[in-house]
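In the two assemblies presented below, subunit A is common to both, partnered first by subunit B and then by subunit C.
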Partner chain A sequence: MYDPTVARLTYRALLGRRRALILGALPLLLIGISLVVRALAGADDQTASDLLGGLALATMVPIIGVIAGTGAIGPEIDDGSVVYLLSKPLKRPTIIFTKLIVAIAVTMVFSALPTLIAGFILNGNGQQIAVAYTVAALVSSIAYAALFLLLGTVSRHAVVFGLVYALVWEALFGSLVPGARTLSVQQWSLAVADKVAGGDMISSDVGLTTATVLLIAVTVLATWYAGQKLRALTLAGEE
Partner chain B sequence: MAVEHPVAPPSGDQTRIHNIGYRSYDGPRLGRSYARRSLYSQSLRGAYGLGRSVKSKVLPMLLFVVMCVPAAIMVAVAVATKASKLPVDYTEYAIYFQAVISLYVASQAPQSVSRDLRFKTVPLYFSRPIETADYVRAKFAALASAMFILTAAPLLVLYVGALLAKLDFTDQTKGFAQGLVSVTLLSLLLAGLGLVIAAVTPRRGFGIAAVIAVLTISYGAVSTLQAIADAQGSTSAIPWIGLFSPITLIDGVQSAFLGATSAFPGGVGPSHGEGVAYVLVVLGLIAASYGLLMRRYKKVGL
Partner chain C sequence: MTTLSLDHVSRWFGNVVAVNDITMTIGPGVTGLLGPNGAGKSTLINMMGGFLAPSTGSVTLDGRQVWRNEAIYKHIGIVPEREAMYDFLTGREFVVANAELHGLGAKAAQKALATVEMEYAQDRKIATYSKGMRQRVKMASALVHDPSLLLLDEPFNGMDPRQRMQLMDLLRRMGDEGRTVLFSSHILEEVEQLAWHIEVVVAGRHAASGDFRRIRRLMTDRPHRYLVRSSDDRALAAALIADPSTSGIEVDLAEGALRIQAVDFGRFTALLPRVARDHGIRLLTVSPSDESLESVFSYLVAA
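Right after this comes the complex of A and B.
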């Protein structure tokens, strides 16, 4: 199910050249802001929770997920070089699975790790906040990567749709329409974080069971359907 | 095995150039300004998907509708309830819908310049009588105009609606004019930033992600820091933090000079003195993005 060569090529496509710069800049910014906040405001649980929840989990994880998830397959389909990969004797689901693993790994390294570091800088893991948000970032990395990898195989405008989901649906609609929050990766991962932290600093609109079921269902279904899409891929010409 | 026959050398001087009747062009040449105007209008149409496939019309048109419909609803409510003022200020509108505006610039800036880089059409442009400055100006002006249409159309809806609802004419006109100044600055600023980022990469998808990352992360970081500064009681720091993201820059300019209420935490906008710094930073950023674009396209090899 896992092909090292495909993985190596995907890593190179994701982290080669300038991509690594933007992927690295976001976590550095988060850590820099945490340092500033700690220096200005001192250790405070509420501040730490606000910063990690508002900036790390709500903005940084989805954006890195979009870049890694769609970047793992989108450019190849876009410039047509995916046919060289597809013409190799590899099962299409294997290709998708390998790319998913890579996308998840990249998203985790560039979003969950900085979240943990930022959490420790902000309040030294008081009330388990750093660990809880790190777990949330890890969990949502998996779901986002699977979701956006699927988008990458479905549409040429995957990045836009991914961002529309992450910014408009989760952030804008989620804050206005309570029902939209049930269908949001961010809330599902918050439910998991809620369980880890145990305190009342983190809250979610979704129950833990529902969240877990939905997370697993979305990840598995998205991966399966992406494999199906790749089996019957038609290369569209330039519009 | 094919035997290579040596090519027989041409005997004698039998080469000649046939005149097959090509005629040189002696019609009018439309020149540089015409080419620049065409590039401008094509880019502007392209920013709304006109003259492109149906698929590429969907997103810009959808975002345009999303911008205008709430304005129409607000006007309808104001007319129906005979309100004495509109539910939203002209200057506030763009700040409320910054996510939509960011998405628009992120999706259209790369389609304007990244595709030219990727399909290597830039050298073809420069083989016409246009120069670097013409290309940059045409693209910049086109995207800024497209953004202006996007942000000014809902204001126009609000203004017309307000006049139909027989609200105070001078009051509304003043607000409308202030709103127009603010969205003009916003359009120029975001178009410049978006184009600079998009011109770096030939990959459209990557350009979109980079633009949106710069816009949302900077706004997220700035507003978080402002909220923390507000909670800590250091209100004097709030305006200075606001200098570091495009949306808060515009917010600061309009609350200092255009009579807007600031969306900053605590509602403390910058004072007039700080507002001058805001204006300088905005104008500096616009000029800097123009300069960077000029530098980017100086070398045509790309």
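Right after this comes the complex of A and C.
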């Protein structure tokens, strides 16, 4: 199911271009803000939870997910170089699964790790807040990577759609329309974080069981469908 | 022996028919797929390579379906027209990756790089390669698993004459080794130099198939039009019209030239200078006025 050569090509494409700069900029911003907040306001659990929930989980993780998920396959399909993968005796789902693993790994490294560091800076993991948000970031990295990898497979405008989903749906609708929160990767991962932290610092609109089922379902379905789309990918445009 | 068969293959995009009911069989040796730009060559090659589903009909390689059949790529090598390859890799890394994807190692990659004579630049980034070098590395990536069918989409585009000759030698060798090699081109001379068998596609239809010389004759035997200027147009016209190789001559006063329609190309081209010399007439301009590939092809379709 996993092909190391496809993985190597994907890593190099993701981390070699300008994308790496964007991937690195957001985590640095989060850590920078955390340092400033800690210096100015001291260690405070509520502040730590607000910053990790609002900036890290609601904004940074989905954006990193968009960049890594769509970037793992979108540019190759756009410029046609994916032909070198497709013209091999390699199962299409293997290509998708491998790219998913890479996208998940990149999203985790660039979002969960900085979340953990920022959490420790903000309140030294008081009330398990740093660890809880890190777990949430890890969990949502998986779902985001799968969703945005699918988007990169089906649309040439994957980055735009991805950002619209991440910023408009997750951030805006999520806070305005209560029903929208049920269908939000962020809320599902918050349910997991809630369980890890205990206490009342972190809360989610979705129960843990529902959240877990939805996270798994979205990841599996998106990955399966991306594999199907790749099998029937048409490379020739209209002449 | 590898045979690629297209059986009543059509492909349309919305209302546009790109390929219209084509049936052909491509066997070992070098075959040229010839046609003007936009004739449907790329669409055909994409269907042959399994990157596009035929709207109707079937494409098979030795009886096995090509579309949605990943295992078929053990036998097919593809050189796409598009430039994009993994530019951030070196030539060697690229070919090694292609070998690995076939379950092969660096040894196969090195052999393929040697075949295309790219060892000297194999450690440079692909981004720094010229068009011809890119083409050769693409070729190496297609040859790495020793395929029995090689598909090349406009492989000579943008190559300089020396690179073109090298690639032609290589393809000829591949054909002589018994591989089935199919390349597309819109340039008659390229096909003429390389392929003994050609398939001609015009406006999505299969216009001609077979031995190149026969089709070339069909192409050259069509009525040719020439624009001729001389020291005495009327005397030249009178002398030429007496010969059966011409079917009509017009004195174009505005242009100050003769417009000649020749029906026997070979005979006319020998006749014209001889008649001019015999009558002491100097030829100032002799230019074919309908040599565009499209007119050649449209004649072929009508024939």
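Remarks
Simple rule for what comes next: the second predicted complex is superposed on the first by the 235 of 239 C-alpha atoms of A that agree within 3 Å, B and C clash if a C-alpha of one lies under 4 Å from a C-alpha of the other, contacts with A are read in each partner's own complex, and residues count from 1 in each chain.
Here is the rule we use: contacts are C-beta pairs under 8 Å (C-beta built on N, C-alpha and C of every residue); 3 or more make two chains touch, one makes a residue touch a chain.
Predicted model only: the values in this text are computed from it and were never measured.
Contact with subunit C, but none with subunit B, is seen for A:T5 once the two complexes are overlaid on the shared chain. Of the two partner chains placed by superposition, only subunit B is touched by A:V168; subunit C is not. In the superposed pair of complexes, A:V177 makes contact with neither subunit B nor subunit C. Judged by the touch definition given at the top, the superposed model places A:L28 against neither subunit B nor subunit C. Touch counts on subunit A: comparing subunit C and subunit B, the chain ahead is B. In the superposed model, A:V159 lies in contact with subunit B only, and not with subunit C. When the shared chain is aligned, subunit B comes close enough to touch A:A41, but subunit C does not. Shared-chain residue A:G71: touches subunit B; no touch with subunit C. When both complexes are overlaid on chain A, the residue A:A217 reaches neither subunit B nor subunit C. Subunit A residues 238-239 lie at the interface with subunit B in one structure and with subunit C in the other.
For subunit A in complex with subunit C, the touching residues are 3-6, 8-9, 12-13, 16-17, 79-81, 83-92, 231-236, 238-239.
Those residues of subunit C lying in contact with subunit A across their complex are 13-14, 16, 18, 38, 40, 42-43, 46, 49-53, 68, 70-74, 76-78, 80, 82, 84-86, 88-89, 97-98, 100-103, 141. Within the complex formed with subunit B, the residues of subunit A that make contact are 18-19, 22, 26, 29, 33, 36-37, 40-41, 47, 50-51, 54-55, 58-60, 63, 66-67, 70-71, 74-75, 78, 156-160, 163-164, 167-168, 171-172, 238-239. Those residues of subunit B lying in contact with subunit A across their complex are 52-53, 55-56, 59, 99-100, 102-103, 106-107, 119, 200-201, 203-206, 208-210, 212-213, 216-217, 220-221, 224-225, 227-229, 231-232, 234.
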